[in-house]
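Just so it is clear, A, B and C label the chains in written order, and each chain counts residues from 1 on its own.
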Amino acid sequence: MSIQRLGLGTLAALGGGAVLAGAVSSGTVLSLLTQAIIYAVFAIGVGVLLRQNGMVSFGHALFFGSSGYAVGLILQLKLMPAEVALPLVLLGLVVSAFLMGLVIVRVPGVAFGMLTLAIGQMFYLTASRSRGLTGGADGMNIEWPSTLFGLSTATLLKPANFFMISWGTLVLVMLLLSLLLRSRFGAITEAVRDNEERARFIGIQTLLPRAAIYALSACVTGLAGLLSALNTGFVSPENLHWSLSGVALMMVVVGGYKALWGPALGAVVYFLAKDILGDFANHWMAIFGVALITVIVFSPTGIAGALERLVKGKKASPAGAKPAGH
Amino acid sequence: MSEFVLQADDVAIHYGGVKAVDGVSLTLKRGEIRGLIGPNGAGKSTVIDAITGRVPLTRGQVRLLGEDVTALGPTARRMKGLSRSFQRTSIFGQMPVRKQIELASYKMGVADSGADADAVLQELDLLPMAHVIAEDLGYGEQRRLDLALALVGRPSVLLLDEPMAGLSVKESMDLAKHLKALTSRWSVSVLLVEHDMDVVFGISDVVTVFELGRVIASGEPAAVRADPRVREAYLGSTA
Amino acid sequence: MLTINLFNGLVYGALLIVMCSGLALIYGLRRVVNFAHGSLYMLGAYIGYSIASHSNFWVALLAASAVMALLGVLLDRYGFRLLQDRDPLSVVLVTFGLLLILEDFVQTVWGKSNLSMPVPAALNLSVDLLGTPVPAYRIAVIGVGTLVALGLSLWLRYSKIGLFVRAASTDPTTTAMQGVNTDALSAGVVALGTALAGLAGVVAAPFLSLSPSMSSDVIIDSFVVVVVGGLGSLAGAFIAAMVLGMVQSLGAVYIPDLSAVLPFVIMVAILIWKPAGFAGSRT
């Protein structure tokens, strides 16, 4: 997609969202959509790591929950105004994730996944146990001030408004990622992903790009965590639990990781499914387990991959589909 | 000293008790193509690994354009102009052809990486598939892509590890002719490890014969071919 | 005081040895990291609980392990074997899907509240260890761990089948070409692996109590053990299990607030030094 088309697409998406926010009168529906969007951003973070580094994280809820906890603690201890806290938390998250990445991206293959699971769960356990600091298993309320960036917080959190804020965040994240990943940096990370040794042979330092992608994915997920903190005004150890990481991962796999928008699609499918499941929703874990297995076996690139194959299949004509010499 | 673009002095690689390469010395002059032949397991690929810095030396020295590069890693040596291709095709599977070649060129520090990439694509007849994703290429095309990645930035020395592996007779001869023309035009000096005797004796200026990690003969192709030790060890008396 | 904590460390370490050897065996032969291993441990424990409530602990121990072994055969035949040409990450995700299914299954059948399994009568006594009374059951757990470690090591080293297993772990193609029925071998080893998980579960039940979170509690520690010990290395796993058991036990007592973070710190320290774990990973 050319830059112009990207720009147009962004504007169209933002416009479409505004129309939707205006058209839907039910606050409940908008809230549900907002939740789906927040999860979509979370999943996109996980997806970026898989797409650019070829690495699966089973513990990304770490970044989702800790951004909420960080903001909550800063506001509770009245260390700085919320307007400063928000970008600072995100920055801190990026830096920490980068440093962490420098160590852990060196762990090969599946061991990396195991490591992320362990790290994520450790933070969960720490948060659950430190009653004094984080409220323990009960979680903590986040004391948002009455005004944010000059606007009334209560107004910002009205369903239609917050829907637009979340939607806008999602669209902007997609735009920024698209731009970043088509840049030289994106090409470098793809080369390292495809063939680390050859990448080194052509002069690429392979540790830093991978750590950077890890930090980037943490940033996106952390952003989702901040949105969630604003949305619910609350953060609990559940925001750090491996099952949440698992849900996000599932969205990425089912939606498809090769397309940037795949994970967002996965989030939509997840929420739709939960809605449709109704009574069976109690067994969501088993159902999503089955969905995950089905997708892996039959369409590893997820729904997005299947859709793209469909489109490509229609475009390719019987004659001249293969390059000469094959 | 400086007449040689590449010089390996008494290079040895020992793995525990196994002497994969044992005291090998060879030289490469500017613009020369030196063929490296020998039975399987003779240590030919290991020598390439040694010269490029992929495996550490137990003993010996490697000089590139007069400079001692023994302590440098593969990336550093590549930057100085010591390039190699791989026996088992090593490319970036999910990237389009031109994109990866241009990236390689860019990382080599070439000012106009696009032009360099196009030149290499042209030479190796890959222009028609410039935008094809690497894993969708045919085997022969992938081998050429592996080579292309080694050719960006006009390396001074090119080590080719069985470039004809898996190619048909016609494809091999075509590629051999291509290589000969290309390397002379671009002044690239070549160390060619190959099993295909027709190719090796067809395009090499000099030939070195390996056996059990050591050099047993070295010289002009005709002389090597006639050398009784070589015939006994490798070619067989019918060669 | 220290004695009992060290002792508890040994107990937990022994449990981890039983768990992680199953994980390592499955990885060694099938190159799969079984993310559902903790859930199998949990399932084994719950099945053991149900069997024990109708008969006794010892029957439960054997029967639950047998059931888990059978599950292992099915898992290998219809899971790992069918997916053996796929990339490792895909298979891992499938085991993750299995984890979700098993978690749900256990909660549906046995509910979400904690259950307890009584210590078998024969071991329900206190023994004097260096002046401190310790439950005999826990000594037995250490015994089980030791037996498993020794048994597996000796079996792999000296038996014919053990030789086949080691060969198939290193080079499945050549081993198959030599006439070894690698499919049957894999099924057997995976069954052994899952049986070990189930065994660990039943063994753990009397002193750790049964809860839906027991799978995640143990899988994290198992992963730390296997990553630190080096994927596929039994010996590495044994050592790492013991170290982790000690760290967890001592940490829980002396620095309770930070105890959860300790394994993380150790992991990071080791991985900075050796990214593929102690014994390195076999790719």
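The rule we apply is simple: a residue touches a chain if its C-beta (ideal position, glycine included) is under 8 Å from a C-beta of that chain, and two chains touch if they have at least 3 such contacts.
Bear in mind the structure is a predicted one, so any value in this text is a computation, not a measurement.
Chemist: Quick one: which chains contact subunit A and subunit B both?
Modeler: Joint contacts: the list comes back empty.
Chemist: Going by C-alpha centroids, which chain is farthest from subunit A? Tell me that one.
Modeler: B
Chemist: For subunit A and subunit B, what's the span in angstrom between their mean Cα positions?
Modeler: Their C-alpha centroids are separated by 45 Å.
Chemist: So how far apart, in whole Å, are subunit A and subunit C when each is placed at the average of its C-alpha atoms?
Modeler: That gives a centre separation of 32 Å.
Chemist: Measuring centre to centre with CA averages, how many angstrom lie between subunit B and subunit C?
Modeler: Taking the average C-alpha coordinate of subunit B and of subunit C, the gap between them is 49 Å.
Chemist: Which positions in subunit A are in touch with at least two other chains?
Modeler: Answer for subunit A, listing residues that touch two or more other chains: there are none.
Chemist: Please give the residue numbers of subunit C that touch subunit A in the complex, ascending.
Modeler: Residues 33, 35, 83, 86, 88-90, 92-94, 96-101, 103-105, 108, 216, 219-220, 223-224, 226-227, 231, 256-258, 260-261, 263-264, 267-268, 271-272, 275-277, 281, 283.
Chemist: Which positions of subunit B touch subunit A when the two form their complex?
Modeler: Those residues of subunit B that touch subunit A are 74-75, 78-79, 84, 86, 90-95, 99-100, 103-104, 106-108, 128-129, 132, 136-138, 140-141, 149, 152.
Chemist: Of all residues in subunit A, which touch subunit C in the complex?
Modeler: Where subunit A meets subunit C, its residues are 54, 56, 58, 103-104, 106-111, 113-115, 117-119, 121-122, 125-126, 129-130, 242, 246, 249, 253, 283-286, 288-293, 296-297, 300.
Chemist: If you look only at subunit A, which of its residues touch subunit B in the complex?
Modeler: 184, 187-188, 190-191, 193-195, 197-205, 323-326
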